[in-house]
Each structure stands twice: as C-alpha cells, then as structure tokens.
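One chain, subunit A, links the two complexes that follow: it is found with subunit B in the first and with subunit C in the second.
Let's turn to the complex of A and B:
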C-alpha cells in the first residue's frame, strides 16, 4: 500500500475544499493507504476541540434538530476508520499556526509539527497533494 | 513520461485562471504525459452538455482524460448521463489511485 500526503490550508466552515479533502482522506484510508495530513494556517482549527454545535434560530431548529456538524468530529471519525482498517493516519498541525490561533486543544490523535514535517512527508510519499486556499 | 493529476475546483466563469489551467493540461498531454483533469466542486459546472465553456470537450483526448466528480455532480443536480462529449463522471477514488501510483498533482 502507498503513502499519501495531503496539505490543507482552509479554515473550518468556509470552503468546499475542506469537504473534498476529507473525502480524499476517507477514500485513501478505505483503500488501505497510509495518510499523512499537514494542516497549515487556518486548517489547524479543523481539529480544535472547543468547537460547539448550535441551534439555528432562522431555521427554528433546536441544537439536536440542527445537528450542526463540526470538523473535529469528522477527524475523530477518520481516526476511528484508520483504526478499524489497520492503517496509519497522521494528523499534523503546524505548531506556529496553532499558537497564533490559540487552538492548541485538539481532537485526540492530532499532533504538532512544523513545515519540516510537511517537507519530509511530501518527500517520502508515493503521492502528494496540496490544497491551497483561493 | 509522467502521470499528472490536475484538479480543477473552480468554475470557468469564476476565474480567468481556469482557462490557463485547462491549457496547461492540454500542453502536458501534448508533451507526451498522461494527464487526468479532474473537475470537482464548482469545477463540474463546466462539464454540463451545452455549457458555454472554454472547449473542455475539445482538449480531451487519448492522453488527457477529463473526469467530473460524481459527488459534486449530484450536489449540483447535474445528470452524469448528460455531460459534454469527452467528459465522464468518476468517483474521487480515481484521484487517490493516481496519487498512490505516484502521479504529480496540481490543485486549482
């Protein structure tokens, strides 16, 4: 099986790029590939554990009815999937970007790295993709 | 010769850079590389039959596959059976397979 490295930069709740990135990671894990994700800039907030669901007064829906999805739960689900499939998922946040944004409390499994981590994992991956912000 | 996976996430009407991206795909194929142009998100709007886009169908050829993400098509209620000639619907697994095989990638 291959190793795929993915670089993502978009913050949560703002871009369809995030959905596509999560789909790619999910698909790669299901195919049995090791996946290394490097979150840079705003993407480091994807795994912030302080994210909260909310009700929607415009829709008239309660917190439970709205069931607002938070990306921290998607990341946790990806870690569960990797565990079930017996493949390695690394979710690495740029430490400086984390500190800038105060999002150091992260979903379980996320780790802290630097652009050096990104460089090394882009170099030794079978294939790599950087999804930059627009 | 190399394999390339070029991913276009923007519609052709959102950015002039999209036409340049198509041109790059065409030029890579003309240089002998195996190229897959994968349309995703609003990029699939150009795949509609009858869309007045920048000759997407015309650049598709033996060395340049043009694929449209099936999920993005469904999100936008675009019938996968009614795409422009030369463009086919595909699952995102195509991108994963190409990355796993060592294809060079560019996202726009």
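Let's turn to the complex of A and C:
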C-alpha cells in the first residue's frame, strides 16, 4: 500500500480545510494506506487535549444534546481506525508551533517534529499534499 | 438602542466543527439578548437561506459528526424577529432560484443595499 503525507496549517474551528483534511485521512486509512500528518502553525491546536464540549444556549441545547465536536476526538478516532485497519498513522506537530501556542498537552499518539520531519516524509511518500492557510 | 446590520459573506467556513455558522450564531445571540439586529447574506453565504440543506452523514473513524442545521438556525432567527436579507445577484450568480429560499427570507437587488444600510446605525461586517 502507499504512504501519503499530508501537511495542514489551519487551526481548529476556523476553516473548512480542516474537514477536508480529516476526510482525506479517513479515506486513505480505510483504503489501507499509511498516513503521515504534519501539523504546522495553528493546526497544532487540533490535537490539544484541553478542548472542551459546551452547551449551546442559542441552539437551546444542553451539553449532552449539543454534543459539540472537538477535533482531538476526531484524531483519536482516526488512530483507532488505523489500529483496526493495521496501518500506520503518524500525527506530527511542529514543536515550535506547539510551544508558541501553549498546546503541549496533546491527544495520545501525537508526536513532536519540525519542518525537517515533514520534508523527510514528503521525500518517501507516494503522494504528498500541503493544505496551506489563506 | 442602536440598530445593527450584520453582513455575512463567508460560508461553511467552520460549520462542521461549530455545528453552526459563527457569524449567524453571533447575530442570533445578540438578537436573543434584545438587540435590534438584522442580517444581510451576501456572496456564498446566500446559500444559507435555501431550504433542504442536509450536512448529515459525515464520520471520521468511528466518530460520527452531527454537523450544522443551518435551516433550523435561519428559522430560529426569523422566529426571533431577526430579518434576513439576501441579494438577488448573488443568488443568480450561483444558480439559486428564489423559489428555493426559506419562507420569510427577503430577497433584494444589489442596487438597494445602500438604502438598506442607511437604515441602520451600526454595520458589522463578518
């Protein structure tokens, strides 16, 4: 199977790019491909473990009814999917970007790296895509 | 009390994660708190005013994503007496027939925007 490297930059709760990236990762894992994700800049907050659900008074919904999505849970779900499919998923955050934002407490499985990590994984990937921020 | 017009242009930016549009949510929160507020949907945001949207069915791994219910949010805003305007030119550019608009949406020509804006004290451009 192939190895796919995906770079993402947008922070959580800001861009439809996030949904696109997660859909691509989900599809690749379901097809049995190895996926290396490099989170740069704001995207390093996607896996921040301090994300919290909240109720929504405007929707008139309680905490349970709103069931507000947190991207950290999506990442955990992708790790579970990779485990079920027996394929490798790497979730690598730019370490300096993490430090800048104080989001060092991350979902289990996430690791620290640098643009060199991204470069190395662009090099040996069958396909690479960077979804930049605008 | 000042009259506010919220102009919303960007659409579906973070709706999956937020389960709504943050600009509409902000507007609705203001209105619910007693503000005199209306909203003008422009550009891609005119799609928010259409009936029959359904963002359900998305799933990442084993984590189902509920997604937004924009028609519900628009309906709630209208019920709260928040007027919702759209521009006909933005609809036609995107191939959206006015018949697809939710009941209560006010379609207007672009040439009338100046007059509309003149009726408000504060303009919040999202």
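What we mean here is this: the second predicted complex is superposed on the first by the 134 of 134 C-alpha atoms of A that agree within 3 Å, B and C clash if a C-alpha of one lies under 4 Å from a C-alpha of the other, contacts with A are read in each partner's own complex, and residues count from 1 in each chain.
Note that a contact is a pair of C-beta atoms (placed from the backbone, for glycine too) under 8 Å apart; a residue touches a chain by one contact, two chains touch by 3 or more.
For clarity, every value in this text was computed on a predicted model and none was experimentally measured.
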Combined model on subunit A where subunit B meets subunit C, clash or fit: fit
Of subunit B and subunit C, the chain that contacts the larger number of subunit A residues: C
May I ask you to decide whether A:67 touches subunit B, subunit C, both, or neither, giving the answer as first, second, both or neither? second
Geometry row: CA centre of subunit A as apex, subunit B and subunit C as ends, angle in degrees (steps of 10) is 60
Now for A:80: first (subunit B), second (subunit C), both, or neither, which partner does it touch? second
Taking the superposition as given, does A:48 touch the first partner, subunit B, the second, subunit C, both, or neither? neither
Where does A:16 make contact in the superposed view: on subunit B (first), on subunit C (second), on both, or on neither? both
Determine, under the contact definition given at the top, whether A:59 touches first (subunit B), second (subunit C), both, or neither. second
Name the contact category of A:31: first (subunit B only), second (subunit C only), both, or neither. first
So in the superposed three-chain picture, is A:128 touching just subunit B, just subunit C, both, or none of them (first/second/both/neither)? first
Which partner does A:91 contact after superposing on A: first (subunit B), second (subunit C), both, neither? neither
Quick check: superposed on A, how many Å separate the nearest Cα atoms of subunit B and subunit C? 5
Across the two complexes, find the residues of subunit A that touch subunit B and also touch subunit C. 16, 23
Interface residues, subunit C side, partner subunit A - complex: 12-20, 25, 28-29, 32, 58-63, 65-66, 73, 76
Contact set on subunit B toward subunit A in their complex: 5, 7, 9-10, 40-42, 71, 91-93, 95-103, 105, 107
Touching subunit B in the complex, subunit A uses residues 1-2, 4, 16-17, 20, 23-24, 27-28, 31, 33, 126-132, 134
Report the residues of subunit A in contact with subunit C in the complex, numbered from low to high. 12-16, 18-19, 22-23, 25-26, 29, 56-59, 66-69, 71, 73-74, 76-81
